[in-house]
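Letters A, B, C, D and E mark the chains as written, and numbering starts fresh at 1 in each.
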Amino acid sequence: MDKELIIRGVRRASMGRFLLWLVPWAALLAFGVYAAGLCLYKGLGETNMDNRFAFGLWIFLDLSVIALGAGAFFTGFLFYILKKKELKAVINSAVVIGFVCYSGAVVVLAVDVGQPLRAWFTFWHPNVHSMLTEVTFCITCYLGVLAVEYVPILLKNRKLREVPRFLVFEWELHRLMYVLAAVGTFLSFFHQGSLGGLYGVLQGRPFAFREGFALWPSTFFLFILSAMAVGPSFMVLTTSLVQKITRKALVKPEVMQEMGRISGILLIVYVLAKTVDTLVWINSTSPSLGFPAHRFYASGPFGTWILFAEIVLFGLVPALILLSRDRRARMPWLISAASLACCGIVLNRFVMTIQTQAVPSLPFLPFVTYTPNWQEVGTFLAVVAYGVLVYSISFRYLPLFPQEKDLAR
Amino acid sequence: MAAKTKARYGMSIDVDRCTGCGACMVACAVENNIPPAPEGATDRKGITWIRVYKIDNGLPFPQNRSAWVPVLCQQCGEHTPCVSVCPQNAVEVDKTTGVVGQIPERCLGCRYCMAACPYQARYFNWWDPVWPAGMEKTLNPTVSPRMRGVVEKCNFCHGRLHEARAKAAAAGRREIDPADYVPACVEACPAQAITFGDLDDRNSQVARESREGSAFHLLERLHTGPKITYRSGRPWVHDALEIKVANNKKEPVRG
Amino acid sequence: MIRGKLFFAAGLLASLSAGWLGFPSMLYERVPQPLDFNHVAHTEKASMSCQDCHSLKEDGTFSGIPKVESCAACHAEPMGTTKAEKLLVERYVKPQREIPWLVYSRQPQNVWFSHASHLKLAKFECTECHGGHGKTRHLRPFERNRISGYSRDIWGPSISRIGAGRRPGMKMDDCIDCHRANHREHSCIECHK
Amino acid sequence: MLPNVYGFQWSAGHLIFLGAFFVVGTIIAITLAMALVRSLRDKGHKVETIRWKSEFGDLPERDRACRHQFDGRLPGRVCGNGFDCRLCAKHAEIAPGTAAAEPKERYHHRGHTWAQPQPDGTVLVGLDDLATSLTGTPERLDLPAPGTRVQVNGTAWRMERNGASARVLSPVDGKVVETGDSGRGWYLKIRPDNVDFRHLLRGREARAWLQREMDRMGALLPAPAVVGPTMADGGELVEDAAKAMPEADWDAVWGGLFLQP
Amino acid sequence: MKLARRDLLKLAGGAALGTFFTPAPWKALDDVSIWTQNWSWMPVPPRGEATTRFTTCTLCPAGCPVRARCIGKQPVSLAGVGGGLCPAGLAGHHLPHYPGRVRGASHRGTRCTMDAAVAAVREVAKGGRVAILDQRPGRTASLVYRRWLAGQEGGLYLTPPAREDATLVALGGGLAFNLDEARTVVSFGAPLMEGWGSMARVLESRPKFHLVQIEARQSRTASMADTWLPAKPGTEAALALGLAHLLGSQDAGRFTPEYVERITGVPAAQVRQVARRMKDAGPAVVIGGGDPAGPFNREEEQAIAGLNLLAGAMGRTIVPRAEVPVPAGFDKLAAETALDDVPDGGIRLLIIDEAASGNPVPWSYLKRKLAPGAMVAAAACSLDGYASHADYVLPAPVYMETAQDVPAACDSPAATFSMAPGLLAPPEETIEPADFVLRVAGEGGTLAELLKARVEAIHKTRRGSVVTYADGTATPLAEMASADDLAKAFKAGARWTDAGTSSEAPGIAFAAVDAAAIERRAASAQFPLALVPFGWRGAAGPVSPIFSKLYQESRVRSSEGEARLNPATAREYGILDGGLMVVETSCGSQAMTACLDEGVMPGVIEAAIEPGTGVLEICDVEDWCGWRTAPARMRRA
């Protein structure tokens, strides 16, 4: 029934099956919206956050999601600026994923703050010394950029491109896309960084505090690096996932491997930097603030194993796999390496957000734990559902994978 | 303007005198219109601008001894963790008093400052403030109640400073009479464990006490420059309130 | 093509007029004062001074609007024939009910405004903020912002806050302008409570 | 945010930070505006060119094969000029000189139309046998009114059948003088602006290409490939393949046939 | 012309563009965020003229002077005069709005008129065996009760156990502590640092004396004492006898330090040290009682009080104190009766004046004293206390609403008198407990009139001086022209202090201590697990909701249902920190949450008491007199 909306020559599930796929996600979305509504209507007392855990699940997920969404800007950067033409195969998909991640993150932030109606104060009366200001400005701008980048993909829809004006606009916009790609790279560079800075500047939290260059603590650069390293891995992951679900070849394996390679190179650099940073922190930064580093790993489930997992298991191991040609040539290896890398960055963001608050800062305070309640989880699931919906619909009606047709034959 | 209109207010708390009765907490709540806790609230979701913690020397019975430590906003002076992080300037250090002010009307409720504060002295309004029917009649008009979804904290009973200034102004003076400005917790403490005053005035009692040998700051090594000083003659109290750093070549740990 | 332009222009015009003319009148509801008070009558006929009703106490508080008993001092029984006075005596003086005046210049709950410091230290004239209110014969209706509940005087008469004199209203920005000009701007908590 | 707003300071921090913000904002705005203006400035005549450019770009690589792949002179070469060999330097050096159009000869466009110069200087445009067989008699056919201008690779006319619709690409630039239909074997009579037909295929080259095209189409059709033995070996094409197998995905077939992704 | 879709789009586009060039969106945005700053559902503090008024706190025997900052008539914050206040006092102005407040007289839960209540009580009173439990003895209201009871056959005037002046009562009454003179203070569980006597006075003289705290719990007082002797719960008296022995008493022959150590667990050396200090670093004073959690029994009180004689406290740290003058017509007063002396089932009518901060008595204990079908009438402001068991509940005015007089605290060497003028009007339906009794007695008159009379009586004496709260100026009473001036002064906030105390030691013939009884009890107190309740002054009465800061939001005070255990004990019973557990005694069981604390004596379960507490009820074990300690069992739930 929606045939004339679907690109010529690609196979798509019947409308019925497609709807069947959407329904559960839509239901999840509805549930999450209700949960979020509760928090907005009754206040954040509805959540399990408290004065010790001022930041909870939401901030952690925002950080993770934005880090994973970095695939969008980085792929754009490689494609438009460094002219890596083979990435044309995934650029559209990357943009959609980026858009989903960022818009989702922004929505959750709106629920997370106590007074969303005053959100614009940050723009009107900004404190330019705050990392959070930097984050807010950059993310909002970049979300705008992503939206603009999304437009041409939208206009490539078979029906829409029939409209001459759209066709021309898409064409003209697309010709200028490298400008947006450049801007997006600039913005992402800063907000990925300032997300790291967010915690790195907290002198009152020696667990997170890091020395750095100028106004930026080392975490600023580590976050950028890790985001760029994992972005392509996440693209590999999502692409192969879509391929699994749709049972179609969408992207040439070479492209996947190329992304894996890029991921690997950056990852190894990151691991090295992270190791150096950790050593400096343990031996100088933390003790000089009066906190022997071992104190942080003494209490609760957060032992030194976290450090190992972060640096070796989820850092070094995937990096090495991705760097060896014949390993990454095999899909299972490539994918498991990519997923390891993604886990790594998620764990890193978890340590930064949750563990930082779990370890007591005053010597007589106890170690406390926190578990999100259904309102928080629900709100998060809503974002996931929203993402799946947007992506599914885009995948059905928009040319996300130009190589699909070639591979279909 | 006259020199005396500028001050650096601070407190000195004698841990040995504190009986842990909680008068300061109640007085603070009454003075600053802090609502009673709703049903679900715990000691992690409550609002207590000043909070008395129980510490002990960790020895087994009968050697065990406990003490009580009132912790409030330390009004950091040098590096103020919460000020630099607030995205919309809702937190700032008042140049004329050194008080770290939190403006609920400007606050967005992002809670970044709470993550930044090492003293756990900032509190978020997780719920709408609700008083039992009729009790809003007893609210203090010199302090405006905070709405849900914003962060708040001790500001040395700034409402009282306002009143003191108004009183001075009515007499045509800019400098206030120190006796007119005493925070509620200081006034309420039956044990007189808390002294308050201008640290810049070297002869003031608080300045003298802050210079005593037994005086120390919480988490001194963070270099936040707190204006709250703690005093105790009991060595174990120092041990319980300070983190001893092993194997570091930095300056020796002292309170 | 031209037809399209016409429609566009029409939309533009409509929204512009709605925003500049319709919106302001919709935003404020006009509430009549409980009584039509005549300042002139009191200052001239009764030859009272402002301080008789609005005075500064030495603890720094400002009396603001007098209680009904001070009205009762003279108006225990109607002295004149005006409807307003009759109303005053019957509705408020006799039953000793306070008059629910709607104060044009009332600052919101979260603002600390000290008349003392502005009168005694800054040497303000009342008229600086209250204009010729003391010279009025009638009370204009109180205009309440339907969204924020504020008096219109806080924002100022002109919706754009442009061209209404040095300080168009009594908004924070207006306070700040003056405080800045006189180097008395130190911090938010200095005026926020 | 702005100098007149409370909280703003003339400090390096503010200026740098807000400066950067406003610059970024402006760049985004300008980019959008430029794209919009450009697209508005164009009053429709560029549409055909742009459409072809963008669609050509979206064609699968194998469909963009250079003509010289077929005669084996440039194996594996992909066309970068939207099949307009007149602009192609490579083509100029391989097949130099202008091939002046010879009357009665059929010049084949990659979009399966042919152009046949007439003595009177006009050109007949029709569908080649493969296309004819795969389209049969269209259910709907809207031909441009005489006087309409058409351009190479631009839309010549539209056809619909079995829910499949297609824009047939014009092989030549010129003005329509007369319209025909499937019955008369040709669809348009065009007075061409020029007789430079270098971008069209003819003779052996055309046959090689057509041969290849049949396999290509065959792949899009359900087996057994009903397009029988080709003209080359004196075979016959099915009269109306569309009627023969309604189950085929005609939309895709036509898309492949008329180079529309 | 007909509208095409594109036309509408154009129109909308134009409108959208235009809107940005009007103030509407921006002003609306601004106003909306202003709206979030003064939501309609935000409580608005009162506006009005700020005034300062004075009163005297009636929430505990300390009777602290209070400065109330008022808006109009409404107090909005309270502060001490020249000193601090306790949490209860600081939030006293919340009590009128106490959520659980009793509204209107009721009979077994159904509303009834005051007259009906009066009539019903009067009817029963005719039958005699009438008792009044006066939670705050020494007030003018108390005189009213005692006068009426004196006239009833078998009239009993009951006062709460665990009184702060229990030691003084045991010594014969008419006495007061004088801590200012003391250099050594030996306290048997008296909460000196947490609310005993007048906090201000105690803290003032604290630097001058060495504090020895004898208590099983590491109470706040214990942890702030110079010496803490954690005697096993229930063996305190044995320790007292041990000290007596060392101070050369005949009654305590067998109580050598070593023997005491065996019973109490306190090292003999420490006992000797304390005894030496009492001898050498005098003058010393020994204080027992005042622990809100429960009283010592008679033998224990005797033993503790007796120590004072041995330590030579009489006349130095324990001084005679004159009574505040009493108006005419109060010559015949019922004597105080201790609850233990009341035979079980001996009361037919019990009227309870639930004055604030009277220490709680387990209801089961009171019940035992009631005859079958006896009537209970409670004058209370909430149902948290005894009122929940009463047949008739009489809504009483609370602090701030009622004009009361405040007797001197037990540590005030001189007699004092001050008033708590009602800063707020009491609600219509309330009645002064004293006025209720007056109506039952049919004697006419009101408490207010009697207070006036008492002020006149004081004025007649021409003794002592009056100090105003406002500016602390002292005026000799002799200089006060009329009783009205004095009354005015009291209304405005003032305290009359009697002239200097007579220092000659009262000739007290002290009853011999029943050492055998104490030994018996101490011996039987050697049970494996002891349940030890503890509480704060006023823990029995209603408190301001703002106390959530102490109980709920900081847990600086452990709240009802929390059992504090030594980790070792907990381990023994497999109980985890924060885990659920059940405590059982021979008269009931209660579920509690465990809270491990190294400061708790092994084998001891410390449980906090609160209004309507259930803990006390299971602490009252019949075969174990007193409820400060109860043999208990516990298990994990």
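The rule is short, and it goes like this: a residue touches a chain if its C-beta (ideal position, glycine included) is under 8 Å from a C-beta of that chain, and two chains touch if they have at least 3 such contacts.
The shown structure was predicted, so the numbers you read here are calculated from the model rather than taken from an experiment.
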Across the interfaces A-E and A-B, which one involves more C-beta pairs in contact?
-> A-B
Kindly work out which chain lies most centrally, taking the average of its C-alpha atoms as its position.
-> B
Distance-wise, how many Å sit between the C-alpha centres of chain A and chain D, to the nearest whole number?
-> 40
Where the centres are mean C-alpha positions, what is the separation of chain C from chain D, in Å?
-> 73
Whole-Å gap between the CA centroids of chain C and chain E | 51
Centre-to-centre distance between chain C and chain B (centres being mean Cα positions), rounded to whole Å | 37
Residues of chain C whose C-beta touches two or more other chains | 59, 61, 109-110
For chain D, jot down the residues that touch at least 2 other chains.
-> 6-7
Mind pulling the residue numbers of chain A that touch at least two other chains?
-> 115, 118, 121, 124-127, 129, 133
Set of all touching chain pairs, with the criterion as stated earlier | A-B, A-D, A-E, B-C, B-E, C-D, C-E
Can you list the chain A residues touching chain E in their complex?
-> 115, 117-118, 120-121
Contacts from chain B onto chain C in the complex sit at residues 90, 92-96, 99, 101-106, 142-145, 155, 158-159, 162-163, 165-172, 174
Using the touch rule from the top, collect the residues of chain E that touch chain B in their complex.
-> 36-39, 41-47, 50, 69, 71, 74-80, 83-87, 90-91, 93-94, 96-99, 193-195, 199-200, 203, 218, 220, 223-224, 228, 230, 544-550, 552-557, 566, 568, 597-602
Which part of chain C faces chain E closely enough to touch in the complex?
-> 3-5, 7-16, 18-20, 23-24, 27, 59, 61, 63, 108-110, 145, 147-150, 159-160
Residues of chain A defined as touching chain B within the complex | 42-45, 49-55, 112-115, 118-119, 121-122, 124-127, 129-133, 136, 198-199, 201-206, 287-292, 295, 356-357, 361-365, 368
